[in-house]
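Scroll down for the structure; my scribbles are underneath it.
Each chain gets a letter, A, B, C, D and E, in the order it is written, and its residues are counted from 1.
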């Protein structure tokens, strides 16, 4: 009786919602009439200018490279460790204090210590970023691994699926929502940490530019550089994460 | 045939692991022979001195208050919105662009804008912190709400459990792993953002002190203050989160 | 027991399903599961549904319970004029107990809080042979015990309409027979309307007033067999056995 | 078929369970489920397990399959001297299909990749009446269809030991009968050892060489009934029906 | 790990991207003062003052700029950094043009922004002065709001603060839009009895490094001196620097230029060093061990004397 929504409907809603966001911003900027809240067009202008004539692309590239590298390392290392901790009580007990420590060490402390000990180079930067994200992935996937259905494990065991098939077809599909959470919140977290890293010890990247503009208190510049990266993240979200997730969730009723 | 591990075993392992962490640190400090890596005892000494004679307790209290307030706000608001988005496709489509934006706005930008628009006061600080955490809670609980078992929903519906019972006994238990993830990663994230907020515009709190010691490059001070808060978090983890989680997971086979 | 002719009882619900489809996720063409299916249930009537495996019996129960509203047709409730059925007890094909609650809490959950459920739940657990397991989490029960618990839960709400999807499978013969007797007792006391799915013709003969026979692919109503054993004779094995043999031969011709 | 006396076949596995307990989560006292249970399975033997609901049949199968090693006693495999059973097909009491895979993929999953599974899977799907549903996700199948799929999956691995937990429940009589015949054919071809749980004495009579009767609370072996119908007579209904009546009366005395 | 390395004849200078040091570095490079001295200057830009120090300590820069209190503290901790004057300018107490705050005493009860935090030198000097004048601690009389300098500049422009105590480039930007300096940190010093112009911030580097790279170090300071005098005299040079300065308008541009010129150290003799010792005492008395560490006096060797061992 309730007709199911056509597939286009959400897209239209999505666009309308994004548009309303921009309109709200424009309206707010008009109301404020202050350069502490520039209009979207001013920000886009600056971003465009920096893109075509300025160094935006280069900084964006630097940040993106760090984000992607650190993301891959953190997902692999954190995911494996976290998954194992969820299954093996002994490993969990051993690694748990380290995990809580690492999870709650301020990013600032890790970054400073890494830079002071290992020098200001790209490898240190990427590792420092990954180190900040790894405990986060670990707790997410540990929780996920704890919810694995023993019924399916027993099935895999009695049919002797072997570890590869079990991982691929039995375990990972159950962990998928947790992996999605880790990936999405992970990208966001890493990108925030990259900013700190670039503030403290890099000569390029969006974070470097953001803080430079902060020294000048140029809100337009801050927003232009933030926005350029947010747009990249939007692209990743809508072009990669969401289609993948839809595909992976197709089976759900 | 495999005897199950006695309950004390993990505790002993945990303690041994924590101890080994401290020993490793001590060993590293001896090796480095540099006050860029002070010994644990130096750090504890300073922390104890600051606790008894100094302002540590006061700063700890200020930070803790902000963390707890922002945490509660973020879990309530983010959890409710995220849970609804997971169930209602229309709401999801409407809020999704806002969510992606909010998730990826750098903490710095939110904090600067909040301070600039609403002034350097406590309410602004707490709201700015919560705003940084809310999108994170939202994506976690949205993912959780998507995995809710339709079988149980139908059961609740046909026995007319009403929304209160359904929420309490059917929905929340299924969301529990996601809530645990949101809580644990949330505390860690909030505490990291608090540091930035306190660094940029507060007169007290651990972040404020960290920043001061950072200006002087006093690693012992930085570690003493970080550690004091990490100990609080360890306390929350072991005295509150883990027992609660064990209780809630007792039913699992 | 009921001595009035059943046809004179007021109708409780009229089911008219023109078509119920599921979207085939691969081809995106709809697959028709139920088609042209119409019947009515009268108050206090006990009706069995039989049909080949996978024909659409569970789907039919879901539509009647209002759990799935995405179909062409209507389910009209005589009394309330709403789309909601009256107080419903549903024994699903899988037990659907909440594994994080104990057996007792699973049953108490569906009860009205102001009633004093403890006694009532204890009685039901005793009647379904689960007395010693009340404090066990539901996922620690054997499958048969879970099915009995699901029956106890459905009985606990004192339903006006009881939907049961293969309620007595996975149980040993004596236990199943005992629970069938319990069902008859409960019917005797509160006179709910009962619609149940079964693959066991003997069970259908023993419990039902009418048997609805569904065809397969898509499911239509191909026969409606009145059982015609007076309620008092239900527990008389020879009477039901004789009728069962008749019905079975009819049945074998139907699905030949 | 098998004309050699069954007692001369080599033993495949010896099961000796001194005690199997589950910890009661509330009282923390262990609850004994299986006690003093010993029997052997010979190669190519078909054995049925019957017992009241919740007595421990599923638990017994789990122990034999090596899924639960937390018990006192031993399960000794004659051939391999390992704790692992030989190639195993297991029909669980719940189908345990992976809902995120299609029906076809669920079956292909358990096959060796180097075999060419497509034809084989198609054949099995046809034999279990699931041909049209190969591309449907497993959670979109009806419960009966899922059970048939679980049977097909267990048959697909060409098991040396086939464990089946109530394999033919939730199926309509013709389908169930057809699948029992399929089982007999498969036994005829590859001669697996089969241990299956059932509540249906007629089914046990038709398929098994021996019937193990378990008591309840804790489960012990209270009787071992040889069926004694030659394999060739299995499909002869009058022969099995006669023997069934005998066994049933024995059975009723046992569990009185 | 903190042994700096010097590639052949290059000197790595940690600068803030739009900071005063990067102007100076640009003058040196543009005019070839570095090549004339036989080295090549490589400024690397960082996003915050702390980052330049991280770079110095992490061995990724040879020279950064900070104050001598930091140097003294590091020396006490066993890290042999040393200091050569860069600027005498530190900061000022700024109030809105129409403010009724006329003196330190009027500050009581007001909301005062303090750039950098409670250990900021400008703030400590003003506190010391207020204590000397009235015996009262400013910290208890006003409502200090510690924050990042740019944020405080924005806050006072929104009338959320009544005054700010901030570093000189930020003070210059404020004075260009009509704010007036109520008290310069230098005035405070002289009222506290320090007559000589004490340079507050300077080039900081590892002593061991400097000793092993005498040529380059000396060359660098000669180049710096030439750049400073060029900037002191030539307005044209400043025109060239304009894009680097990010001045919003002409007034800001001029305020920055004059601020820089005023800060060029005039001399670095015995008198200044004694004055610095004296200043250390004052700051220690106000800021306590949190600022200066546990040492009683300025660590020996804090100031680079340039003499070989």
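Observations on the model:
The rule is short, and it goes like this: contacts are C-beta pairs under 8 Å (C-beta built on N, C-alpha and C of every residue); 3 or more make two chains touch, one makes a residue touch a chain.
Quick caveat: nothing in here was measured; it's all calculated off a predicted structure.
Hopping across touching chains, the smallest step count from chain B to chain E is 1.
Residue numbering at the chain A/chain B interface overlaps substantially, since over half of the positions present are found in both copies. Comparing the chain pairs B-C and A-E, the larger number of C-beta pairs in contact belongs to A-E. Taking the mean of the C-alpha atoms as each chain's centre, chain A and chain D sit 49 Å apart. Separating the centre of chain A from that of chain E, both taken as means of CA atoms, is a distance of 38 Å. Distance between chain A and chain B, defined via averaged C-alpha coordinates, is recorded as 17 Å. Annotation for chain D: residues touching 2 or more other chains are 25, 94, 137, 140.
Counting partners per residue, chain E has 2, 50, 57, 148, 151, 154, 158 as the residues that reach two or more other chains. The set of chain B residues touching two or more other chains comprises 36, 112, 116, 214, 250, 253.
In the complex of the two chains, the chain D residues touching chain A come out as 62, 65-67, 87-90, 92, 94, 96, 98-101, 105, 109-110, 137, 139-140, 153, 157, 163.
Listed in rising order, the residues of chain D touching chain C in the complex are 22, 24-26, 50-54, 56, 58, 93-94, 129, 135-137, 140-145, 148, 166, 169-176, 199, 201, 255.
Residues 151-152, 154-155, 157-161, 165, 169-170, 173, 248, 250-251, 253 of chain B are the ones that touch chain C when the two sit in their complex. Contact residues of chain A toward chain B in the complex are 5, 9-11, 13-14, 16-18, 21, 36-37, 89-90, 92-98, 100-101, 103-109, 112-113, 116-117, 135-136, 139-140, 143-144, 146-147, 150, 177-178, 180-181, 184-185, 187-189, 191-192, 195, 207, 210-211, 214, 219, 222-223, 226, 229-230, 233-234, 237, 249, 252-253. On the side of chain E, the complex with chain B involves touching residues 2, 50, 53, 57, 70, 73-74, 77-78, 116-119, 144-148, 151, 154-155, 158, 160, 290-291, 293.
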